[in-house]
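Below are the structure tokens for one structure; questions will follow.
Chain nomenclature is as follows: A, B, C and D, assigned in order of appearance, with residue numbering initiated at 1 for each chain independently.
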Amino acid sequence: MLIVLQSGASQKTIDQVVKRIEELGLRAHLSQGKFRTIIGAIGEENIAFRDQLRSIEGVEDVVPIMRPYKLASRDFHPENSFVQVGNVKIGGGGYALIAGPCAVEDRQICHEIAKAVKENGANMLRGGAFKPRTSPYSFQGLQEEGLKILRECSEQYGLPVVTEVTDPRNVELVGRYADMLQVGARNMQNFVLLSEVGKANKPVLLKRGPSSTVKDWLMSAEYILSEGNNQVVLCERGSQGFETEMRFTLDVGAIALAKCDSHLPIIVDPSHAAGRRDLVIRLALAGIAAGADGLIVEVHTCPEKAKCDGPQALTANMFAELMQQVKQFV
Amino acid sequence: MLIVLQSGASQKTIDQVVKRIEELGLRAHLSQGKFRTIIGAIGEENIAFRDQLRSIEGVEDVVPIMRPYKLASRDFHPENSFVQVGNVKIGGGGYALIAGPCAVEDRQICHEIAKAVKENGANMLRGGAFKPRTSPYSFQGLQEEGLKILRECSEQYGLPVVTEVTDPRNVELVGRYADMLQVGARNMQNFVLLSEVGKANKPVLLKRGPSSTVKDWLMSAEYILSEGNNQVVLCERGSQGFETEMRFTLDVGAIALAKCDSHLPIIVDPSHAAGRRDLVIRLALAGIAAGADGLIVEVHTCPEKAKCDGPQALTANMFAELMQQVKQFV
Amino acid sequence: MLIVLQSGASQKTIDQVVKRIEELGLRAHLSQGKFRTIIGAIGEENIAFRDQLRSIEGVEDVVPIMRPYKLASRDFHPENSFVQVGNVKIGGGGYALIAGPCAVEDRQICHEIAKAVKENGANMLRGGAFKPRTSPYSFQGLQEEGLKILRECSEQYGLPVVTEVTDPRNVELVGRYADMLQVGARNMQNFVLLSEVGKANKPVLLKRGPSSTVKDWLMSAEYILSEGNNQVVLCERGSQGFETEMRFTLDVGAIALAKCDSHLPIIVDPSHAAGRRDLVIRLALAGIAAGADGLIVEVHTCPEKAKCDGPQALTANMFAELMQQVKQFV
Amino acid sequence: MLIVLQSGASQKTIDQVVKRIEELGLRAHLSQGKFRTIIGAIGEENIAFRDQLRSIEGVEDVVPIMRPYKLASRDFHPENSFVQVGNVKIGGGGYALIAGPCAVEDRQICHEIAKAVKENGANMLRGGAFKPRTSPYSFQGLQEEGLKILRECSEQYGLPVVTEVTDPRNVELVGRYADMLQVGARNMQNFVLLSEVGKANKPVLLKRGPSSTVKDWLMSAEYILSEGNNQVVLCERGSQGFETEMRFTLDVGAIALAKCDSHLPIIVDPSHAAGRRDLVIRLALAGIAAGADGLIVEVHTCPEKAKCDGPQALTANMFAELMQQVKQFV
């Protein structure tokens, strides 16, 4: 860490900072310029130290030198890692092509959709059984009944299935039916849930929160990794922006940046970013071009009757078109 | 709802929309302009209807007429409501003046801080026992031990205590020690947790998420209210902005807007917004001037040794100065 | 327009709104629901009307039905338009591959860079002679001397040149040397400058402002178009976000959305979005995949001596690699 | 500056950075940790140096130690400065209470409004004669005719007048009629205009751009100051946020932060931030409580006929109420 003192810092302040650095078991390294004094703190860094040093009167800023995550960092694992979900390899040259309804609403419709996406090139199935909805009056999902339908479709069409878990008490239940557990964007910093999925022996799809930096996203991955579960796939689904004609701002820079800083596989969710189906194909291709190892899209055979997020669901024909165009990349 | 069709929408589209409106049990009301056709859907609105209608090919937008929340809305409860926490009335003319450490770290320090804030005018105590931290390697709180220390300080200094609950499995435990349960900003859309605190018979402090609209915030309050718990106090603590020299952007407009749209009491947290103590007093006053019914601030008697968020903690002297200045408003 | 009244609006309010609508030469169309009254205003809409109606006490919102721009809209020009700059066709199947230094700093270096980008596949040259810099103490560009160097390089390497104009008084001067005038992101709503370039008989490259919606961007294009200049190319260069490790958030959704709503060609500037060269290639490809009709990138043969934006300049080798990868799309 | 090298940087990189630092006339100061090497560059810093050093392969970041502005900085002028506009002192204990219409539309209405605001406690008049409008089809202002009306009202009611200048060619013209020149939010980084008002011998009101950091705002002030005009007043008017029910997010933190970092006076514009009159009074008070030296608000005696921004204009009665409440602060 570098501790930057305020201009005109007194000798007393300098002494206090040096003393505290040494109390923390680090070595202080003084550098006095014409206008500013900077003190390096050398040794095993620790996140709490930074705040403590910044709290000293007269300290302007503390600049960390090391990244706060380790297991998620490319520094500690230079090659791209990959995650295996059933017969699908994600990352390391393998692409996830995940499609399905926003929510599982009905056994027959779910079968229809699973069949349609399989025929058009999907290699995994998605679908929500426990739905996090902004309104308590909205459809909350079929819950265990939905999980059973997903499992059935998964077996019948040969598509490993990913579904969201929202409650730490349900991790075991969801894991019984699903091949991959999804942590949704709103739960990216639900650390209790992250710890629980970290203890499960299942691949995890970790969506980026709508106002999370890439660093915070990787810190959330670190929660899962540090519990011993190294099967983490990241998913970019749009950050909170000011544009009112789209739901979120798909952040392809976050994909490119996370690929630089981390070895973990990343996929793109263009459906939630766009919030409207006419933009989904373009955003999917942009995500792949930015380096994503696959995509997850919402497809519905009858979007105008969907109980959730119909406007952003691709029709089966549009999904076929998307798969056609994706082929040039994967 | 008003269903706005795309320019040049065909009669077939119009018929399809009208048919769907009637299937949903609503009455359709056609309005054809030179460039656009708009169809009103009259009757008991339902959130799912909106997405379903917007999913029909040829529909450009669906404009809701009613707000999606009810119990939180001023339409349904025109007067300001208030929440009683021990001897403290929040809202309806009463002000919460909540202060304490970010985290409970140590019995003696917690006593010191509680004593200092009591002497300087606080009427409630804050302190974290279960800490949601972005890094798995950061101090995670003293947990039940921390709750016991808070209870002890609460009794000794006569300050009702608010503390965060992060896990739906701990609501009962935290409620055993605390007078008010806090749902943190990162958990504002942790609907599982909202439902659990909605079932508890305890006042709840609901922080606004860093990229949540006021409507989403009130929808989260609605989750708690709809479970039967009407003791909800809102708390603005800054939205995610682009300024790098402050932690968050304190959104006084959100305070003023929530006061317009909802009857619920609101307080301001200037500490997390600023992220640095030199701005805390100014932001606290701004929040109160914007209409807040109180404040919650972090205070530490020795911030440079705090295990968490030391840079934003007021010293006891600064807290005394803040209380002095707040008096002109409350 | 649809005028939505507040819940419980009185008959007096309704009458006042209807009267005002009729005074404005429109026809009123009443729709009374259980909770709300909505009044349609039918006829030739005008932007000022919206604000006037919204100003009436008791009006909650006014929802426009038509888009506020015309000449830029796809409604009025359904096919993709294209702009010809010298021998380069942008849009309508033609791709702009624009490269060059951030600023023209020196005759020899500019020649070196122009030669390098030409050899590696660029079809246009970029370079700043009048530089808008955030600091008055930064290098402000070589001005007319810079324009001369650009013209010389343009002729020698057969690359039409685009350069920024920042002052309405310099439009004629810059137009004397350049093949295309650039309006920078910070000037997107400098309406005085937009009007002046609208009067010039030169193609214009209009960058999107860092916090502009697509609608505002198209309104700025409308300023130029409405002065009679229909040679407008849009350029997405990143919106203002909260991520601190990149300069801006490249908004590929804005590219896809502008393509939907407008017939104008669009290119992507990944250099300013990234602010760091290691992400530029990925972002360029993402922009093209999202539908852009070309790109504009910064290249420098010796970035560590560049007077401006060196960290985001591609080296000649990296530019060659980018061109190699772009080929699969164009 | 501190130059932070990438982890595992080679001796060759270190040598190259040191060599370049010395070429720039600075002294290098090496600090090698276990994981990172940091090199201090000591001497007269210069903005261009930072980018050049960051462009060297192997450099991860360059951390500046000094602020990039000087004349605007509190380091160089520790006391609060003030600006005198006619008989009104802004800053240093004096408060600007500026009110008037968004645009001057009509001689009689302007007189009515000026009279009303004077009677209710305003000490300065505002009004637009040259209007920057997002649409070329909107009312663009009465221009010189508007300036004459403003001058006339100013004299008759004893209110110094501030009005916007949008074109560098009009600075002299506007200065002939106005007591203070306003640079609008969209022109905050119109450096050509900043230089021109810097050469004028008139006080300048500099609004903050909707996505500008406080540092960029102060850099824009520095443009004016560095031309020799030290009569600069800053104005916060809201930053671009994601909330759709208000126009902008009033950033009281920016007021508090600018007060810390700069000696310049600051006022608040709650009207443009809110975009709706029911929130204006609350936001005005919040701005003052955060440290602003006054306010500028839009008032209209008949908002429903205003040609511009009627929904955010206070009525005369609301303005009277605002002035009543402001008294407790000023």
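In the analysis below, a contact is a pair of C-beta atoms (placed from the backbone, for glycine too) under 8 Å apart; a residue touches a chain by one contact, two chains touch by 3 or more.
Since we're looking at a predicted model, the values are computed, not measured.
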Problem - Steps needed, at minimum, to go from subunit B to subunit D via contacts - result: 1
Exercise for the section: Determine, using the mean of C-alpha atoms as each chain's centre, which chain is farthest from subunit C. Expected result: B
Exercise for the section: Indicate the whole-number Å distance between the mean C-alpha point of subunit A and the mean C-alpha point of subunit B. Expected result: 24
Practice task
Measure off the straight-line distance from the CA centroid of subunit B to the CA centroid of subunit C, and report it in whole Å.
Solution key: 38
Completion exercise
Averaging C-alpha coordinates per chain, one finds the centres of subunit A and subunit C separated by a number of Å equal to 31
Problem - Interface hub residues of subunit C, defined as touching at least two other chains - result: 211, 240-242, 244
Problem - Residues of subunit D that touch subunit B when the two form their complex - result: 211, 213-215, 238-239, 241-246, 249-257, 259-260, 273-274, 278-279, 282-283, 285-291, 328
Handout entry: Residues of subunit D that touch subunit C when the two form their complex
Key = 20, 46-48, 51-56, 68-69, 132-139, 166-169, 186-187, 189-192, 195, 210-211, 216, 219-220, 222-223, 226, 240, 303-311, 313
Practice task
Could you pull out which subunit B residues touch subunit C in their complex?
Solution key: 2, 4, 7, 29, 31, 33-36, 38, 40, 42-43, 63, 65-66, 75, 240-242, 244
